[in-house]
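Encoded as structure tokens, here's the structure I'll be asking about.
Naming follows writing order (A, B, C and D), and every chain is counted from residue 1.
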Amino acid sequence: MVVPEIRVQAEPFDLAAEVARISVGRQDIGAVVTFTGLCRSENGALAALELEHYPGMAEDELRRVADDAIRRWPLDGVIVIHRYGKLRPGDSIVLVVTASAHRQAAFESANYLMDYLKTRAPFWKKEHASDGSSGDWVAAKQADEQAADRW
Amino acid sequence: MVVPEIRVQAEPFDLAAEVARISVGRQDIGAVVTFTGLCRSENGALAALELEHYPGMAEDELRRVADDAIRRWPLDGVIVIHRYGKLRPGDSIVLVVTASAHRQAAFESANYLMDYLKTRAPFWKKEHASDGSSGDWVAAKQADEQAADRW
Amino acid sequence: MKVLYFAWLRERIGKAEEEVVFPASISTARDAMQHLATQGEEYAYAFENPQIIRIALDRRHVPPETPIGAAREIAFFPPMTGG
Amino acid sequence: MKVLYFAWLRERIGKAEEEVVFPASISTARDAMQHLATQGEEYAYAFENPQIIRIALDRRHVPPETPIGAAREIAFFPPMTGG
């Protein structure tokens, strides 16, 4: 059984190092998919996002989502890293890496992880506007719930 | 209109450098998906894959597939790199990188690119067996045709 | 019992966590939320739309009708917006 | 006209490319393939299952009924197995 690697951290992550961690020295992996989620400026309106999380539960919930993916697809490795704290436009927020012998398993499980992570992992985003006003908490999107429901 | 970056090369590629090329210094990208296809040993039976290609047409066809993806999804960047020559188990064969404001566009277009690239780009794989016998040409899989037909 | 608040619940209530001794009549997570909503204006404001508030018991999502039982930690928060 | 062969077609015919002057009666890509199939044992072997062979005219996939017209390059190859 594959053990997912889960990290919740303030620091940036190194995409290449994470992919190497999952694939170097192995000869059975045919496909590695990565998803990187980044902070967008919303056409300059956004100065920063502040990501709050529930320490402990965030890791637990990411691990539960990853374990679900491992049960559903024949995976050789899963990494999920989610950042917290103040992030600027262009900064990375989340990384999902999946490895499998088969390309569809790698694609689908990465997509599944992102859908479920968005609706289940206890993280909340607050916007800080470029005009200096302290922004609002981002509202959960119904589209995200629907995206998770399709699996 | 986004111009895809297409490369057909014998050399390995650097995942992190390619992702940086597509995303560094930008504030409008919310999602970057990468797909890396690797040579598998088939449980030790395979010593190497030899990848033959049609120079000129390979680049043209990859560009046509990438342009199709750019018409179908709101993409901010597309990179497709396909290697040729003798590749060993664990070596990378192909890289697709897609960037978009939206995560589903990035996921779906990367998946689409891989499906179409497999059925349209003029590359052929010959297997070299670990027992020293010169292997067979890999047969095209009907599953790959069906995967492309779903789009 | 340790009670945690996140995001705008935390901001409205003005604290991230507190220890609460719930009355013996409190049985479910929803009961606990309704009890907290009576603890002052800031609580009433935080819990004004109870149907949108998510609850975790000992760091697991639970529906509001879940008995709090011997749980050591209960958390209240808005729908998640990570990823 | 430049004719290219790839993968096992190249191996069976024993060359990667050649210049061929097709007779005036050759109109489509399929005609060209049928003509080549008569040029010797190795060609007959390479083209023994014409229905699985893919054709490109000037580096674009075409169906066999496509007229070769003024194309400068025609290529024959098995189904692709890249990716």
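Following the convention adopted for this analysis, a contact is a pair of C-beta atoms (placed from the backbone, for glycine too) under 8 Å apart; a residue touches a chain by one contact, two chains touch by 3 or more.
On a predicted model such as this, the values are computed, not experimentally measured, just so you know.
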Neighbouring chains common to chain B and chain C, by label: A
Distance from the mean Cα position of chain C to that of chain A, given in whole angstrom: 26
Distance between the centres, which are taken as Cα means, of chain D and chain C, whole angstrom: 72
Chain A and chain D, separation of their C-alpha mean positions in angstrom: 48
Junction residues of chain D - those touching two or more other chains: 83
In chain A, residues with contacts to at least two other chains: 37, 103, 114
Pairs of chains in contact (touch as defined earlier), listed by label: A-B, A-C, B-D
Footprint of chain B on chain D - complex, ascending: 4, 6-8, 10, 56, 59-61, 75, 77-83
For the chain B and chain A complex, residues of the former touching the latter: 14-16, 19, 23-41, 43-44, 89-90, 101, 103-104, 106-107, 110-111, 114, 147
Complex interface listing, chain B residues touching chain D: 37, 51-54, 56-57, 60-61, 82, 93-94, 114, 117-126, 137-140, 144
